[in-house]
């Protein structure tokens, strides 16, 4: 437990550093913030109004403290256009992104785990070689390329799936699935390849261990050996990897959301960039950053709790 | 810490190396300390071969490394040719380094896998900028031949050689700076038996040819007997017994030495089956070594005196050079005051 | 040829010098396939890099010449056809490659150099620098890279210099981490001790003993990282946040070609396939580099 506490404090420190950087982002960058936002033709009045609104006239730490205070209570400011609370915007968009991220991870595992198990069992065989080649291809294809190709094949040529638009899961399950299939595949491909390769090489190494031969000699069935004995040790590294990749998938899903027109966090981010809506931008980036750190940290702590060696090491 | 007496030290003028009250301790977290070496004292005369023997964990390897200050000992003096290495500045120490070299246990990991043999042996010369490329090349060729390797090996990498050959390369590297003292830390333990003999012979040859003084660290008693002028037995960081090999092997004075000798197999199927003086118990932890005599927890002759009072090295036996640190040695001591 | 595990074998009484070290393929076919594949990868990279380097000298039109054209399929008029504005696809492909390779090459080289220097120091000399460095690395790594890049590109402008700068900063921490971990494990090996015993100084040991043993792992990773940077840069230009028009970039070509996906798919496919091939090739190289560091053994 002391380990968890130590890691937690460290993570908190990182979180603070990250959010601090985000909220002072504008000042860190060269150039007058007002020019960046409004444009070169901003006049005195506009600059002053902007600075006041964004609190840029106050000292950095004070501003950060204020922002942090608000953020902790859930107030991330309001958008420049429409004056909608940022927190609300995020809340609206979050379910879509979560569905995309979680769905893609599940899909990736659904591909990776069975094929890795079978490949390690019959290593060198057709399934092994085919899935290795596939995995290699999958980690090499950029997700936006894959997305565009999927649209070309399934959306345009075959007309099976809609090429854009999103239907919430609460409205119509089938349509929701139809609009999410391609995006999910696009985001899942990379991680699927990574997981498959890692798990396969881990399991092949484990299968060479003496205790597996022992289990075989005892007459246990291959399925039992594979699932109970061989899979176990690899679960750790796979778990950490899933945690890390889920966090990274947040970034990846941004592009996919744009391509498929899904109203998620990624789209929100792009929109705020296009509109130069700094408040929203800061809020979203901070949210993503915090989520990322929290997820990685959670995986770290979980790993430490489950594997005693990590703690003492 | 009480250190062993100086009775077994010899005339200052001829001692090339003298170690006094050498102590090496490491922190082991949470305030505990590992007492690897606890106040040992001994000397080595020029041209002598001193062997340090003992079980794994007795501190012999640590002693070897402490002598070359890698890392420096916690306490004690290491007098090389009269100068205390432990007190030297970094620059002074560097200047002395070429004169004391070390050969390690694992010949393959002692060599940088990404460099050619030629460069490996050449490197010490380059560090000291000795001569130019031509003269260095000749020196390398010469030393390679001396250790029994063909100079064409210069362009090859360590993984192309066998264990025994790698050890030859390590010996070559150690000798290229023309040292006076060479510390061999288990130099043959990682090699096949047939190769061991070759390397040991090579070491003997090199000692003759280059006038070396050797400190030979090993756990293999059979190996040690043939090469040593003097043998020192260590147990749990302390020196138990020291003397010429004939005395120690044929008439050991310390119970631990006796047990070690008994445990060593004799390569003679017709030899009578001996009654082994078995060692009882387990090796105590170096985190908390026993008080008084450290061997008492496994010794059948232990008395209360052994718990309370640490034995110092005293002369023993008929010879001049045999010393033991024991309250109840197996051989008559030459000390009239002993009980 | 000596086996890799000579000491262990000696302890077991095996004369390991008799067992050769061989990388046995599962089946000969697979072995040839892999080598052929690797050759293809290298070939593609050489080709595209050559084209990129020699771009100004090649007999191809300017990448933005046209302007009033119509999309033409490959082989109709030009080798690779034209895009919807009549611009020559081949020249756009080549000039886009130029940019992408510049950005990827510069940022990875920088990240590698900085990462190795700092990581080596942190791992060998350790001390306070190490703690500071690891903490800073953790903070940088705590961010989802793409997001940060988008923000920087949007707010600061997406000049090649800015892009290189930002991408380098994002890659450096992992290089530092890898270099440090490698250094720590190498520094414990006996040949480093032997070098110290010969009187070598810290700098000398770091450069001559430790660095050569750390570099292989790092170069393997650098190749994989290059592949990733290509994807990142492609994603950015796809979103319009990367290399700005009129300079062509594969990502923006793909984005621009989307409306024409049905009528003229080659506008999207040509840069898409090129990007895929490039990333694939770098990954193949990274794999090969990594495998060559560990000789496989005959077991038993």
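Order of writing sets the labels: A, B and C. Residues in every chain begin at 1.
The definition used in the following text is that a contact is a pair of C-beta atoms (placed from the backbone, for glycine too) under 8 Å apart; a residue touches a chain by one contact, two chains touch by 3 or more.
Keep in mind the model is a prediction, meaning the values are calculated, not measured.
If touching chains are joined by edges, the resulting network of the protein chains shown is an open path. In terms of Cα centroid distance from the overall Cα mean, chain C ranks first. Of all the chains, the one whose CA centre sits at the greatest distance from that of chain C is B.
Distance between chain A and chain C, defined via averaged C-alpha coordinates, is recorded as 22 Å. The mean-CA centres of chain B and chain C are about 50 angstrom from one another, to the nearest whole unit.
Chain geometry summary: the mean Cα position of chain A and that of chain B are 58 Å apart. Residue positions of chain A touching 2 or more other chains: there are none.
Against chain C, the residues of chain A that register as touching in their complex are 14-15, 17-18, 21, 25-26, 29-31, 36, 123-124, 129, 136-137, 139-145, 148-149, 151-152, 156, 208, 247-248, 250-252, 254-255, 258, 269-270, 273, 281, 285, 288-289, 292-293, 296. Looking at the complex, you find that chain B touches chain C at residues 68, 70, 94-95, 97-98, 101-102, 104, 106-115, 123-124, 127-128, 159-163, 165-166, 170, 173, 177, 190-192, 195. Those residues of chain C lying in contact with chain B across their complex are 1-2, 4, 6-7, 10-11, 13, 15-17, 21, 189-191, 193-201, 204, 208-209, 212-213. Remark: chain C residues 26-27, 30, 138-139, 142-148, 150-152, 154-156, 227, 230-231, 234-235, 238-239, 241, 251, 254, 258, 261-262, 265, 268, 272, 275-276, 279-280, 283-284, 287, 299 touch chain A in the complex.
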